[in-house]
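Step one of this worksheet: look at the structure below.
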Amino acid sequence: MVVVMDEGASESQTEKVIAQLVAMGFDVHRSTGATRVILGAVGGRHDADPALVEMLDGVHEVVRITEPYKLASRSFKPAGTVVAVGDVRIGGDEVIVMAGPCSVESEGQVRAAAAAVRRAGAKVLRGGAFKPRSSPYSFQGLGEEGLRLLRWAADEHGLKVVSEVMDVSQVPLLDRYADILQVGARNMQNFTLLRELGLLRKPVLLKRGISATIEEWLLSSEYVLAGGNGDVILCERGIRTFENYTRNTLDISAIPVVKKLSHLPIIADPSHGTGRRDKVAPMARAAVAAGADGLIIEVHCDPDHALSDGAQSLFPAQFDRLMAELRIIAPAIGRSICVEPVARRGWAR
Amino acid sequence: MVVVMDEGASESQTEKVIAQLVAMGFDVHRSTGATRVILGAVGGRHDADPALVEMLDGVHEVVRITEPYKLASRSFKPAGTVVAVGDVRIGGDEVIVMAGPCSVESEGQVRAAAAAVRRAGAKVLRGGAFKPRSSPYSFQGLGEEGLRLLRWAADEHGLKVVSEVMDVSQVPLLDRYADILQVGARNMQNFTLLRELGLLRKPVLLKRGISATIEEWLLSSEYVLAGGNGDVILCERGIRTFENYTRNTLDISAIPVVKKLSHLPIIADPSHGTGRRDKVAPMARAAVAAGADGLIIEVHCDPDHALSDGAQSLFPAQFDRLMAELRIIAPAIGRSICVEPVARRGWAR
Amino acid sequence: MVVVMDEGASESQTEKVIAQLVAMGFDVHRSTGATRVILGAVGGRHDADPALVEMLDGVHEVVRITEPYKLASRSFKPAGTVVAVGDVRIGGDEVIVMAGPCSVESEGQVRAAAAAVRRAGAKVLRGGAFKPRSSPYSFQGLGEEGLRLLRWAADEHGLKVVSEVMDVSQVPLLDRYADILQVGARNMQNFTLLRELGLLRKPVLLKRGISATIEEWLLSSEYVLAGGNGDVILCERGIRTFENYTRNTLDISAIPVVKKLSHLPIIADPSHGTGRRDKVAPMARAAVAAGADGLIIEVHCDPDHALSDGAQSLFPAQFDRLMAELRIIAPAIGRSICVEPVARRGWAR
Amino acid sequence: MVVVMDEGASESQTEKVIAQLVAMGFDVHRSTGATRVILGAVGGRHDADPALVEMLDGVHEVVRITEPYKLASRSFKPAGTVVAVGDVRIGGDEVIVMAGPCSVESEGQVRAAAAAVRRAGAKVLRGGAFKPRSSPYSFQGLGEEGLRLLRWAADEHGLKVVSEVMDVSQVPLLDRYADILQVGARNMQNFTLLRELGLLRKPVLLKRGISATIEEWLLSSEYVLAGGNGDVILCERGIRTFENYTRNTLDISAIPVVKKLSHLPIIADPSHGTGRRDKVAPMARAAVAAGADGLIIEVHCDPDHALSDGAQSLFPAQFDRLMAELRIIAPAIGRSICVEPVARRGWAR
C-alpha cells in the first residue's frame, strides 16, 4: 500500500497513519518530499482494507500495490499453464475449439451436433443440461438425462465434454459426466461453488461475470487454485456496456491483458458475447487473432427450432467455414488448428 | 412482440415470419403501411425468443412488448405491497431504517450497535454472519454464532433482524434466526436460491445486482413471488459505471422507476452504494427524498477496527444526525420516521 | 507519481526508472522494502505521462498522485465559491432554481413560462436559442430572435437569464443577452470554447459530459478558471450507463463528491438527467437533499406541443408542487428556498 | 413508431393516442388483440419525439422503427462505399494502414516516422498538429508548421496525409495540407464542424465518441453526408466501460455491426483504443480479422521521448512485425495488405 499525505498534513496526522499501518501488519517506509510525505507500506495482511487508512485525517490518497491474487498471477508462475484433458491441451500451440448446442434437447440433436463439430475440427463438445434463465417461465434443461446424452454423443465422436455446473449440489453429477466443468458468468462470484471446485481434480472453465473487472475474475480463479486445483481455463464472454446493439460487448482486449497478468489459458465465447449468429464468426476470428487459446461456440443443426439461444447458434456449414478461416489466421500468432482430414472422414461415418 | 419488416420485404418473407410467429403460439395482426408491413403478435409463450424472428430474412426489427415479469408488476397488483414484520411495516407511511454492523464480530460489538441504532430510531438490526468476499484470504464471518448474537442483541432492544443468506444450504439456519432474509447483489441471479426462498413464508430483501437492469431485477423477484412468497423488498445498492470515485453509483432514479413498474417496496443501501462514510448521509437523504420506503445502513461503534467495511460504517453520532435530517425530509413526500423518545430511553435503559 | 517496482526487479532496472523520472523533472525518493522497491516522485512537470514510466522493464505499477486540476480544487481555495449574478447568489445559503422551456419557441410561450416559474420561486429563466440535435433533420432553434425574447420575458418578471452557447462564434451574441452562459454536455471538452469563456467576465454553467469522469469535468472547468474567469457553476446532468430505462443515470453521488474535491458550486439538471416528466420531481428532491446548490428544470405551459423535449418538461402546476416540496427539504441541510409570497403576487399581477 | 397500449387501456385513451400520432403526421394502423391494442404509425416527421406519445395515459410502450439516419444506412446504398484518395482506396479489397506519430514534433521526427511506416507498407501518414488535451497545462501541438512538416514528409515518401481538425476555424488550413480530415472522438457531436465538413470535397475520418452508441455515430456521419460529402470513413477507437485496465475498451464488435448497418468503410485505432504499446498489435490483428477496412496506428522512432502518447506508440520494428502478421490474416477474410517489396526498397533508399 502506498499512502500519499495531503500537502499540508501535520506531523501528528502522519504519525497516526503510520501507527494504523503498523497495526495492520505493514512495514512502513517514509519518504518526505518538498511538498508531501509519501508512505510506502509493505508486507501487511492480505485482507487489509485500504479504505481504513483513506479515512484518516491528512491522507490524500491510498493506493493498493500488491495484486490481491497470487496463485493466478504470472509472477507466481511465469510459464503459461497448459490444461490437459486427455490428449487435448488447452494453452499449448493448438487453438482448441469447443462447440455444440446451447442446451441438450434430444438424442438426435446432440448426436448430429457432435458429428458436425467433430468433422469441422472441434475437440470438445459443449452442451447445457441445466439452464440458468433470467425468467422462471423459460425452458430449464433436461438435467441428468441431458448429461448422459452429451457424454454418449461425445464418446461416439472422440470428443471431450464441457458442461455447466450451476450449484454445489450438482458438482458430483457433473464430475461423473463431464471432462471440464463450466462455471457460468452469473456464478463467477459464487464462492461456495468455487471452493468446492477447488477440491476437484478436473479442469474448470471459469466465465467472466458480465460486469466483472479482470482483477475480480482472477480473484475468483484464485478460489479454485487455492483449493489445490490448478486446471483453470478462463473464458471471456462479453461485458455489459452502454452499447446494446449486441447483447454484450465481447472484450477482446481482455485476452492480451490476461495473458500478461496471468499464466492461465484464456478462451473466448463469441456466441454469448454477441448473441447474434451473424456476429459470431467475425468475433471468433478476432479472438484468435488477439491470442486466445481457444473458443467455445454454439452450433446447432436446426437453430430455428432450438429451445434456447437459437439465434446465436451457427449452422454446421457456417461453422465449417469459420474453422477454415481460423486455420488461415492461427499461424499469424504462431498457433495451429487441428485438421485431420482422414480421421475426420473416419469419425463422420 | 411487434415485428417491423424491411421497406422492401417481399410477400413470401412476410409470410414466413407470420408462420414462425404462429408456430411460437402467437396471434398475428398484420398492418400494411405505405412503405412497410408491421406485424403485431400477441399471446405467445412466455419464453418465446424474439431473436429467432429477428434472424429471418426481411425483418427490420423485433420488439418484445409484454414485460417478462408478471407477479411483480404494478399492473398485476395496482396497490403497493406492504411487507409486515410484526409491527414493522415496510412500504407503508413510515420510512423504515435498518442499521447495524457489516459483520457480526463479537457480543460486545453487536450489543453496542443494537443499542445505538435503536436509540436513533432504527427498527431493524442488520449484520452479516457469512461474508461473501472477493478474495479467499479475507475474513469470512462468524457463522451461526454470529446469527445467535445478532438475534440476542436485537431482542434485547426490540429490533427485528435482517441477515444475508448466501446459499440454499443456509436457508434453514437463517430462517431460524432472522426476520428478513437478505439476498446479496452477487446472488441476485442465483435462481436455485431464489426458488427456495419462494417456498419460505418470511420476507426476502433482494439486492440489485451490480450490473443488473431494473427488468432483470424484477424478474429475479418473480422467482420468489412465483413460489408463493409475496413478501419481497427490493434494495438498490449501486450499479457499476465508468465513474469510480465512489465504489458504485447509487442509482437513485431506480427508486421512482421501480415505484412505477412494480408494487413491491424498495429501500436503498447508501453504505455499499458509496463505500465511503462521508457519502452515506447525502445519499441516504437523497434516497428518502426520491421516495424510498426505507434504508439499510452500516453503523459501527468502532469502525476503525471493524473486520470488514469499516470505512463505510457510520459512527453512532453520525447516524443520530442523519436520522434527524431524515425526519425533516420525510414529510416532503408524505412520509414519517419513527421518533418515540420516551420508549427509546426505556429500551436504552 | 509513485512507482512500484516488480518483486524481482533488478538494480539496473530500478536505476533506469529513476533516470527517467529525473529526466521528467521529478525528485525521487527511494524506499526499499523486503520484497519490493517503491519510488516516490514529486515535483515533476504537469503533463508528465505516467505511461512512459509504466512501460519500462521491472515496473509493476505507476500511480499519479497530484490531481491534474489546481484552480478548481478545494485545497486551492478551501471556502466555497459563491457565484453572484446581481442579487442571485449560487453557492450560498439559498438553493437557486433555474427554470423555463427547453427551447424558446415564441413570445407567448416564453412569457407564459417566465411568469409561471417566477411565481413558483425560480430566480433564473432558462431557454435555448440554438439547439444541438443528434439528428440533422430536427428543429434547430430560433437563434438571436430566441435570445431577444428570452431576455425580454426575464426582465419582465425580474429573472436572470441562462442560455447555451454552442460555439466560439456565438460567444459575443450570448454575452449580449444572457447572464449565465451554459456549456452543454457535448461541449464539455471543446477546449477552444472553454478558453474563450475564460476571457469573459460572466458566469459559466458547465454541464458534465455524458461519459466524463468527475476528474475530467473539473479539468474542463480549469480551462475557464485558468483564463481568469472564476465564476464557474458545475451542473450534473446524468451519465451514460448500461441501464436505459431512464435516458441517463443522474449521478446524485457526484454532488457530495464535487463538494469535497472542489470549491465550485454544483447544481443538477433532473430534466435531461431522466428525460421523463414523472421522474423529474423525485430526482430534483434527491439532488437538493444530497446538497446541490441549485437546480435547472424544464417547465413548459403546453409541453405536449413543445418543439423539443416536451416529454421531460413539467407543467406549471407540477413545478409549483415541486417547489413546495423542496422548501420542506432544504432546511434538512441548512439551506432555504425563496418564498416571497407578497412580491410573488405582485409579479403575477 | 409502434405504440403498445396497456392491457386495460380505455377506448378514449386509445383515441387520444391516435389523434396525437395523426397530429405528428403519421398514418396509423390499429391492431386489436385479445388483451391489448397495438398501433402501427408510419410516415411521420423525422423529428417526431416518441416520448410525447409515451407520456399519454394508457400507453404501455412506444418503439421507434425508422432508423433516424438515412444516407448512412446500407438500405439507402447496398454496395459498400469505397473512399478514394488518389490511388489509395479505403473500403476496397486492400486493408489500408495509416500510421505515424501522435503529434508532429520536429522535421527529423516526422521524416523518420514517414520513412519507417512507408517501408512497412502503410499508405497514409498520420500526425497531429493541434492536440486536444484534457489538461490546459499539456503540450498543445505545433500548429500550421506541424502540418507543413507532415505534408513534406508524406510527399517525400509517397504517402497520403490524415490530420485532425479541431474547430470550424481550422477547416481551410487542414484542407490545404491534408488528404483526409480527421474528426476526433470529442468532436463527434460538434455539429457545426460536421456541417462545415459536409460542404468540403475531401474525405472525413470520423472517430466514434467515447460513449457514443453506434446509432449516434451514424447520425453524426449523416451531418457530413447530408451536406453532399459522401466520403466518410468511420473509425472505432474504444468506448468507455467499467473496465479500466486498458484506457478504453476497443469495441471490435462495432466493426461487423457497422458493416451490416451502413455502407461506409470502417477502420480501427488500436493505439487510442488501448493506450498501451503492448496491446496495440493484438487489437490491430483482431480488428482486421473482424473485417476492418483499415487501421490507424501510432508509430514513433523514439517513443520514450515523444511529447504526447509515447506509451502507446509502436517502435518501427514492432510495426514491421505487426504488418507481417496482418499479411497472414487478411486473406482469411478475402483481403490483402500492400507489400510492394521493390518499390519499398526504392523509397527506403
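Residue numbering begins at 1 within each chain, and the chains themselves are lettered A, B, C and D in the order written.
One rule holds for everything that comes next: a residue touches a chain if its C-beta (ideal position, glycine included) is under 8 Å from a C-beta of that chain, and two chains touch if they have at least 3 such contacts.
In this text, all values refer to a predicted model and were calculated from it rather than measured experimentally.
Taking A-C and B-C together, the pair of chains sharing more C-beta contacts is B-C. Centre-to-centre, using mean CA coordinates, chain A is 28 Å away from chain B.
Spacing of chain A relative to chain C, judged by their CA centroids, is 40 angstrom.
Centre-to-centre, using mean CA coordinates, chain B is 31 Å away from chain C.
Shown for chain D are the residues that touch two or more other chains, namely 211, 240-242, 244, 278. Interchain contacts join each chain to each other chain, per the touch definition above.
Within the complex, the chain C residues that touch chain A are 2, 4, 6-8, 27, 29-36, 38, 40, 42-43, 60-61, 63, 65, 75, 211, 240-242, 244.
Contact residues on chain A toward chain B in their complex (touch as defined above): 20, 46-47, 49, 51-52, 54-55, 68-69, 132-139, 166-169, 186-187, 189-192, 195, 210-211, 216, 219-220, 222-223, 226, 240, 275-278, 304, 308-312. By the touch criterion stated above, chain B contacts chain C in their complex at residues 211, 213-215, 239, 241-243, 245-246, 249-257, 260, 273-274, 278-279, 282-283, 285-291, 325-326, 328-329, 331-333.
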